[in-house]
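Chain nomenclature is as follows: A, B and C, assigned in order of appearance, with residue numbering initiated at 1 for each chain independently.
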Amino acid sequence: MAEGCDPSLRFTDVSPLENAGPEHVSFLDNRKYIPAFQASKAGLCVVTPEMAAKAPAGMALLLSPDPYRAYAHIAQAFYPAQAPEAGIAATANVDQSAVVGEGCRIDPGAVIGAGARIGNHCHIGANVVIGKGVVLGDHCTVGANATLSHAVIGNRVNIYPGVRIGQDGFGFAMGPQGHLKVPQLGRVVIGNNVEIGANTTIDRGAGPDTQIGDGCMIDNLVQIGHNVQLGRGCVIVAQVGISGSTRFGDFAAAGGQAGITGHLKIGAGARIAAQAGVMRDIAPGETVGGAPAVPMADWLRQSAILGKMARKKG
Amino acid sequence: MAEGCDPSLRFTDVSPLENAGPEHVSFLDNRKYIPAFQASKAGLCVVTPEMAAKAPAGMALLLSPDPYRAYAHIAQAFYPAQAPEAGIAATANVDQSAVVGEGCRIDPGAVIGAGARIGNHCHIGANVVIGKGVVLGDHCTVGANATLSHAVIGNRVNIYPGVRIGQDGFGFAMGPQGHLKVPQLGRVVIGNNVEIGANTTIDRGAGPDTQIGDGCMIDNLVQIGHNVQLGRGCVIVAQVGISGSTRFGDFAAAGGQAGITGHLKIGAGARIAAQAGVMRDIAPGETVGGAPAVPMADWLRQSAILGKMARKKG
Amino acid sequence: MAEGCDPSLRFTDVSPLENAGPEHVSFLDNRKYIPAFQASKAGLCVVTPEMAAKAPAGMALLLSPDPYRAYAHIAQAFYPAQAPEAGIAATANVDQSAVVGEGCRIDPGAVIGAGARIGNHCHIGANVVIGKGVVLGDHCTVGANATLSHAVIGNRVNIYPGVRIGQDGFGFAMGPQGHLKVPQLGRVVIGNNVEIGANTTIDRGAGPDTQIGDGCMIDNLVQIGHNVQLGRGCVIVAQVGISGSTRFGDFAAAGGQAGITGHLKIGAGARIAAQAGVMRDIAPGETVGGAPAVPMADWLRQSAILGKMARKKG
């Protein structure tokens, strides 16, 4: 809610606190930036009610219990998602048996294989390679130099540059005379409204499919092994590795560089701290940290005890 | 061995336990999937003799001490490796001085530099870039958008999409006035029957060569620094980092996200746990975990002690 | 300084100790290689004065307090950086509104977008994709299959194959009904004399810019989140992850696989050990290790105490 704002105020853009001027909308979401907030020249700032009293004179405030989310709505209004300018580049290489929907843009050097089906209003970046039979829904974006194979992908999926989807998983029988490759036969099935960060790798299933649920947010350089299943709305931060056949329930989250071994069940809403090493199932809603991962409170206590012992000896 | 099977049984495909029907061959290799085994409608299942008694009625069994390996052989029979359909795409860019063997397939947008030599029956994916003078043996596959330079590669090597081989290593003399780059002059030499996972990076040697032995299995997003040497049959799981000049003996293995510092010797058959941080030489056959890595039994004991102390305080 | 060398000596190349012959210059920088030094047939070796007495008979020595740096100068003299052979490949796709400087080489399949500006003597590798409006200084190299967007880049910057610069950062408001993407509006601004390793990802700023200072050395598979600022001369080893809005002071360094959470200040000259997990600000010049990261001496003591306790119990 805005309290007593001058209704004639007009704003032309969003801007971070440090750079904003009177014509800009900004936000404060982290107490570390209170000094920047207090020094900011932003015309309007989205803040929690608790922060209102710290605002500099003359700044209009928009109060929200979740300023970052409110700011997201405002910024989206200034920068609405735009449909790509339709057209197929002369140097794109679209197989005659592939089907490309209406309003798609296919950039130079992109390669689309036999039998692939691209939905409407998709943007296929330059030098992307889409293998035979891949299915892509509507309003998808595939960043430059990404590669897709053995995949069925929903609507409004953003695939960032350099992503690798659908290659063989790491499946072989080890043996002292040599390792024996196990043919990888499954697909990667991705829901709607998913983001997949740059240079992330998602392997096709070995037999079952690898599955990514609706609304998952996956950061850069993440590894997702064969047969992994992510439920809806999972958040996977950069450089996480999820080993084969592990399943995440809806809205489970893993912090940066966490590693999860194979064949585990991570419950819905579970939270895995950055760099944690998960070697057992995690209950729904549980928060874990450390390696091997333990309940978060235990991990913090372990760290405190160790710190204390080291200081005593020191 | 199959005990008393009906010799008239016919199977048409392999399938995972959960999806299999009477016409399918499946396998059980992990006790976590005993319930799926017991509920499976697979016509034939490969299991250890110990699991035979748990089989559902009517399922034929193939007993093996290593069901995964036995299944690998069966699946390979259903899905034999296929030679690529030969041909050079019109938009591939093969330098006139490059030599391409018989039966090769070169996909659109691939670039092959001066003096490169590609063996017989290789498949070079779309938009791959192979630098000048690179040598590739027979029956190799290079996935889409991979790049190779300064490399000599054996036969039957599978390079996955987005792999980077042969770029300069991270070599420079640090200094407070600026860092001074050290010219990188070596190659990457790769043996036969090697797999290199998506978006993995293998740097050329600084002076000596970086070497990957026969039969190594390397997963996605692995970093292999300059001058590293892997012996035969090493297994390197996703997101492992191996720093410069470290040497792995034959059949040594590193679990996901493990980090190994430079100039170390990892003995033949040594096993490094996931996320371990190795800062010293590892003896042949030794198993280590933790960071800094210690013998596995010590690491497990450390974790147990810490857990106990934290619970006491709690 | 060279002590009493025969001034008629001539050397034709540099070479590692193990392979060098009388016509080669080599160096010794790590005590682990003293045996290789003593067995080497190198004609000239750069060593510290302390090592001189261990040299094999007949080897000429060049004494330096920093042999690696001295060797770097020598190797650069043998292998000077070469300007690329100018020319734009017929299959490169340069937008009519892009400006390409003098003496540039643009390899096959490269795509350069509208309004991009490439400085003089740059080498743009095959299948590189440079987005609209990107600015690149002089004497830059962009490795094959890299992608750049929303970026302003200085002079003498080496971007390795598969690097991703300028894609959206991982910015969204989490919510139980779905995550809401926050438009990413900033750029990536990179100084002069920077190296960026293969398959590394650097996200554009959310509102402010992501900034990489002059002379930074960044290894392979590094993740740099939105709004991160690196000062001058930072050294970021492979697979490090730096979360959004964290700032590194000049010449700060992070070892391989270290993770740094968001919104932190890492002081000038601070050193972060490999695999460390940094969750608080680090003072200038401080050295930290462990996860959560603590002063290095504390971390070593913690490890020693844990090791001792585990051995007692064992």
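Convention: contacts are C-beta pairs under 8 Å (C-beta built on N, C-alpha and C of every residue); 3 or more make two chains touch, one makes a residue touch a chain.
Because the structure is a prediction, the values reported are computed rather than measured.
Chain-to-chain contact here is organised exhaustively, every possible pair of chains being in touch. Annotation: the chain A:chain C pair of sequence copies touches via predominantly different residues, less than half of the used numbers being shared. Between chain A and chain B the CA-based rotation angle works out to 120°, given as a multiple of 5.
Chain centres here are Cα averages; for chain A and chain C they lie 26 Å apart. Within chain B, contacts with two or more other chains are made by residues 91, 109, 127, 145, 162, 199, 221, 239, 257, 291, 306. For chain B in complex with chain C, the touching residues are 91, 93, 109, 111, 127, 129, 131, 145-147, 162, 164, 167-168, 170, 172-176, 178-183, 185, 199, 201, 203, 206-208, 221, 223, 225, 239, 241, 243, 257, 259, 261, 263, 277, 291-292, 294, 297-299, 301-302, 305-306.
Put simply, chain C touches chain B in their complex at residues 14-16, 18-19, 30, 32, 66, 68-69, 71-73, 75-76, 78-79, 89, 91, 107-109, 125-127, 143-145, 158, 160-162, 193, 195, 197-199, 215, 217, 219-221, 233, 235, 237-239, 251, 256-257, 274-275, 291, 303, 306-307, 309-311, 313-314.
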